[in-house]
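One chain, chain A, links the two complexes that follow: it is found with chain B in the first and with chain C in the second.
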Partner chain A sequence: MTELASRSESAPATDGQGSGRGRAIGRLLPALPAFLVLGVLFLGAMAFALVFSFWKTENFVLVADWNVDNYAKFFTVPAYVRTFGKTLLMAALVTLGCLALALPFTYFLVRYVSRRWQRIILLAVIIPFWTSYLLRVYAWQAILGEKGVLNLVLETSGLISEPSRLFVYNDFGVFIVLVYVYFPFAALALYASLDRFDFSQLTAAQDLGARPDQALRHILIPQIRPGIITACIFVFVPIIGEYLTPTLVGGAQGVLIGNLVVNFFRGAQIAQGAAFAMIIALFVTVVLVVFRRHLQVEDVVARG
Partner chain B sequence: MAMIDKRLSRRRFLQASAAASAAAALSGLGSASRLVVAQDGPTGTFNWLTWADHFYDEQLDAIDTAVGIRPNATFFSDNAEAFVQLQEVGGQLDMVSGDALWVPRYYEEGLIAPFDINSLEVSKNLYSVAREFPWWTVPDGYLGFPFGWSPVQIYYNPEFVTPDPDSWEVMLDPKYQGRVVTENQPVEVIAYMGKLAGAKDVYNMTDEELAAAKANLAQLVPNLLKFTDQAQETWALLASGEAWLATANLGADLVVRDELGGPELKRIMPKEGTVAWMDAEMMVDGGQNQELVLPFLEQSNQPEYIAENFLRYGRPLFNEGAYKVLVEMGEQDRADRFLFNEPEAILDPNLTLKAPGLSTEAAINAFNEVVGA
Partner chain C sequence: MVGPLETMPVSPHARLVRRALWLLAGAILVFLYLPIAVMIVLSFNESRVVGLPLTGLTLDWYEQALTNRLLLEAVRNSVIVSLIVALLATIIGTMAAFPLVRGGMPFPGATRVFATMPIMFPGMLLGIAILIFMRRVLDLDLSLLTVIAGHLVFTTPFVILIVAARLQSLDTRLEWAAADLGAAPRKTIRHIILPLIWPAILAGGLISVTLSIDEFIITFFTVGPQMTLPIYIYTQIKFGVTPEVNAIATILLAAMLVLLVLGAFVLTARRRVERGGEH
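Now for the complex of A and B:
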């Protein structure tokens, strides 16, 4: 907004200062609803959460008794720190999993598939979005469960003699389902980046003596870096707050930090829950700042 | 659940209506038992914060058609969640569902308005005990319109769980690793474990009692297949044989066997006692559409609707008129197995009624510390 204002101010005023300001307001007007929505629904809500996080809940009522006990609890109870660490590890592994699947997939798509088929395949990638997240995760319960499709196939094919209980209601089940859920985000971000890449550069590098892996590492990867970072943001950040997937397929052992935070809110312990939510939000902000150092906004917008 | 809904569909609704007419004629319930009571009164929409099993769509459509009142229903999971929500939005809500000793808490906070329950014609269909619960009676009237109730019991598959248990302790037995399910309600789970630890008041536990309950939970967790999101998920896991032991409301055995084709289950009331719920519809103090609440209750609690609600969602309700309808429909055996005609069972001293406790935050922390990594 500051940048917008300064650009307007530096623009030549043909009809004097008053009309210059009027033009700036005119330019700002279409964006105003978005600023209001962001300000009220996001920043306003965050401000409330921040205030509540320093209060206390007494007998289900929020009391404006300023303290930092709620924050202290997070850092002094090992279970919370460990669960947060486990959540970060899960987010990192799922991000790696998604990149490992999406990179070769989109590389193949962009380099070897016709435009027409690219569109059809990309449509197939985003078709799951047409059904609700909840239904998709429920479907995985039916696939991975003890009486599920996967066990049926493995038993029928003679690979196992009795149904396995290892596929679901544990961290492995959470990992599989999260990779499935977030794969499209990674694939779309990488596709947008690869689509603008000139593959003749790889041929040129190899003509000049580079091995294929060297060409990929030194020519391709640096140029699609914005796409990779965008994919990381789209996958890693939402998983830190994941609640539904661990609830449905995580069992008692697959709990992530989001599940523990929800328990506070469901039990009306607003102050404690708000403090934990703020810690997670702060961490996400730090992650975004780190990513931002390696990524210009223009990279995402203009280069994918 | 969709499968269950399909089976219990329009056909049975019509069956209930027909049985209702007969029941009305036979029992002399008179005008209180007609499916739709014609009335001249306010019409419109009001806001209702409730659980999803407090109504069904055809019921709301019929009431809307008959008297022009329709609730805009939103849902919650835990009593505490609804309590906080009402504190925040106040008169934007008109009716709230709540449990047992949570109801007087709403009143103490000035959130609900008592009413004369006997002024409602449909109240005549309630069991008399339900109109006289002391914790819902205040000088200004009654705090809510009684709806459903149940103790939380342990259901088990006798094919795998032997010998027959009599205590919460069975859920901690390492023999049943990964075969136990319970609903994802941290305060309630800690309460069950508190019962096992011998706590006097499981919603107001001392530090020692909480520590003992937490130690029990630590033993329970390896046995848990998962924390289920709702009763339907518990039933499904029992029916599929993935779970052998579960906490559930009255009637889970019938749903598992009759509706889901699952195994024959047994149930126990643990010797240490258990917790119980009993819910009511409360009128919000200062609700913007408050004038619609009592006329709606007059309609929605007609015995035929309550009988159908029982057949759909399976737990006893405080409506004697509905019991008579069920008898007329040939469902007496089913109703009796749910203790539908024994509402005084909720007064069993071994039951601890759900309540807003002082140890809630500590209970959630204890739960999180065990369940977290």
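Now for the complex of A and C:
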């Protein structure tokens, strides 16, 4: 691309000329395609989903019969509210789990590992993304299952006498696999903010008499707070819409709200499904708006 | 470089913490690669049933995978979709990054939030909205085109953010200098800005390919009769027949790693040439 650019002859300058107003519009013009794509396929499509969530589905056809029954159903059926609450709890626990692993991991990386190896290890954290998400989750069945790796290890080490079925097709299985899936996001977010931290501050704090744990709590943690919040959002928010993991390793017990939404669409209950989707969307939007100042999306997506 | 580490007295306690962190980091890497190792091992396992112990090693699944027309078609569809998505997202996203960073955009804060929302939103919501829009509003049939539309929604923001981050870190004085020397804006973009941000554009394109090729949930809602690879894998998992898809995923991973090594090689070689050119 570079060579192509440097070899090509210059084109006559036509953009950015003309009156002030025309010029301002001319400068905005490059953003137009993106705005069309996102405006129509994201905002527009969401708006229609919102409209339809107030309609009815009769014989697989959407009818413009405005009502709030679809929302009322969510709040009146205890199983739905309970599943949503459970989804939030699961998301919170997985977020904690990811932080508990990613904080020491990235601290270790930034503190004790050479720059060159930091890059290599970060790459190693990202590479699993290149393998099918489905197959990675599916492989957990072979790890946690009755004839799985975990049972084999526990049995040969004599910790259990017969294979346990308690590791998969339940909430525990969903928890483990979700921590596995979302750990890299947490690690990338935390790494970015730890990388900017000046570690001599910790030394200074200890020189001034702070215990290591005090130095961490009062010096390090406050300064990497944006990274922690970014990590939390990058883990917490997508889990609310998680479908595959509970489907593959959750069994009957591990159902999350996403499974309910998909079931509505499977049964062509479009209006009902749209209403549930909108409840999730509203929740996610509130989280994003509340934390917008702390969310550093670029830290996670724009590495390298 | 003398870091704070060397200047700090190392107590036995600190050494212990350090060793514990070492162990934890190692355990985490094992945790991350265990499923992939299992997937690769299962692709060579003789038995159709997922589980241990292995019954014997075989290359049958690779042979079957490479002669399975449905599977190959799904791979082809996924590659086509991801390439088109990456191309469109990269062009559209790069163009949008300029006014976003260089100003002129009304409500920059809101625009930024708007541009990042599709990344943060659970994919299921994007898929549902596009399904409803295509089927109920436009009355279109689902096809690979609707899949492409769905993938564009979340890959374009990635490109915008990555390219915008790079543009932000560019020294604007370079552009002023070019303008001072009489370069027209278009010429400045071509000869100054594009050469400087092309790594970001490339990264955006690569991320778009990898995200698109593995996207399940949006595809799940927007796919028509032509399957993509994740959809095919999903149907196979439902039936519990996975050795073939394990084989194909192993091949794809190997291909990606080869590309990575080649890419790293080319980049270092290039850097060496550029560094040599400076003198």
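Just so we're on the same page, the second predicted complex is superposed on the first by the 274 of 304 C-alpha atoms of A that agree within 3 Å, B and C clash if a C-alpha of one lies under 4 Å from a C-alpha of the other, contacts with A are read in each partner's own complex, and residues count from 1 in each chain.
The rule is simple: contacts are C-beta pairs under 8 Å (C-beta built on N, C-alpha and C of every residue); 3 or more make two chains touch, one makes a residue touch a chain.
Because the structure is a prediction, the values reported are computed rather than measured.
S.K.: Just from the overlay, do chain B and chain C fit on chain A, or is there a clash?
M.R.: Aligned on chain A, chain B and chain C clash with each other.
S.K.: Regarding the shared-chain residue A:W130, is it in contact with chain B (first), chain C (second), both, or neither?
M.R.: second
S.K.: Applying the document's definition of touch, where does A:T83 land relative to chain B and chain C: first, second, both, or neither?
M.R.: A:T83: touches chain B, not chain C.
S.K.: After lining up the shared chain so the two structures overlap, which partner does A:G145 touch, if you call chain B first and chain C second: first, second, both or neither?
M.R.: both
S.K.: Should A:Y71 be classified as contacting the first partner (chain B), the second (chain C), both, or neither?
M.R.: A:Y71 sits against neither chain B nor chain C.
S.K.: Which holds for A:Q269: it touches chain B only (first), chain C only (second), both, or neither?
M.R.: Only chain B is touched by A:Q269; chain C is not.
S.K.: Of chain B and chain C, which one touches more of chain A's residues?
M.R.: C
S.K.: I'd like to know which partner A:L248 touches here: chain B for first, chain C for second, both or neither.
M.R.: Both partners, chain B and chain C.
S.K.: Report for A:F199: first if it touches chain B alone, second if chain C alone, otherwise both or neither.
M.R.: In the superposition, A:F199 contacts chain C only.
S.K.: Applying the document's definition of touch, where does A:F172 land relative to chain B and chain C: first, second, both, or neither?
M.R.: neither
S.K.: Between 147-155, 183-191, 237-245 or 255-263, which chain C stretch has C-alpha clashes with chain B?
M.R.: After superposing on chain A, the clashing stretch of chain C is 237-245.
S.K.: Would you mind listing the overlap between the chain B footprint and the chain C footprint on chain A?
M.R.: Comparing the two interfaces on chain A, one with chain B and one with chain C, the shared residues are 145-147, 248, 265, 270.
S.K.: Using the touch rule from the top, collect the residues of chain B that touch chain A in their complex.
M.R.: 77-78, 80-81, 83-84, 87, 105, 109, 178, 184-187, 221-222, 224-227, 229, 240-242, 356, 358, 360-361, 363-365, 367-373
S.K.: Would you tell me which residues of chain C are touching chain A in their complex?
M.R.: Per the touch definition, chain C meets chain A at residues 3-5, 7-8, 14, 18, 21-22, 24-25, 28-29, 31-36, 38-39, 42, 50-53, 91-93, 95-96, 98-100, 102-105, 113-126, 128-133, 136-137, 149-150, 152-153, 156-158, 160-162, 164-166, 183-187, 190-191, 194-195, 198, 200-203, 207, 210, 214, 216-217, 220-221, 229-230, 233-234, 237, 242, 245-246, 249, 252-253, 256-257, 260.
S.K.: Spell out the part of chain A that touches chain C in their complex, as residue ranges.
M.R.: 1-2, 5-6, 8, 10-16, 24, 27-28, 30-31, 33-35, 37-38, 41-46, 48-49, 52, 62, 101, 104-105, 107-109, 111-112, 121, 124-125, 127-143, 145-149, 152, 180, 183-184, 199-200, 202-203, 206, 212, 233-234, 237-238, 240-244, 248, 258, 261-262, 265, 270, 273-274, 277, 280-281, 284-285, 288-289, 292, 295, 297-298, 301-302, 304
S.K.: For the complex, give me every residue of chain A touching chain B.
M.R.: The touching residues are 57, 59-61, 73, 77, 79-80, 82-83, 85-86, 145-147, 165, 169, 247-248, 250-253, 255, 257, 259-260, 263-270, 272.
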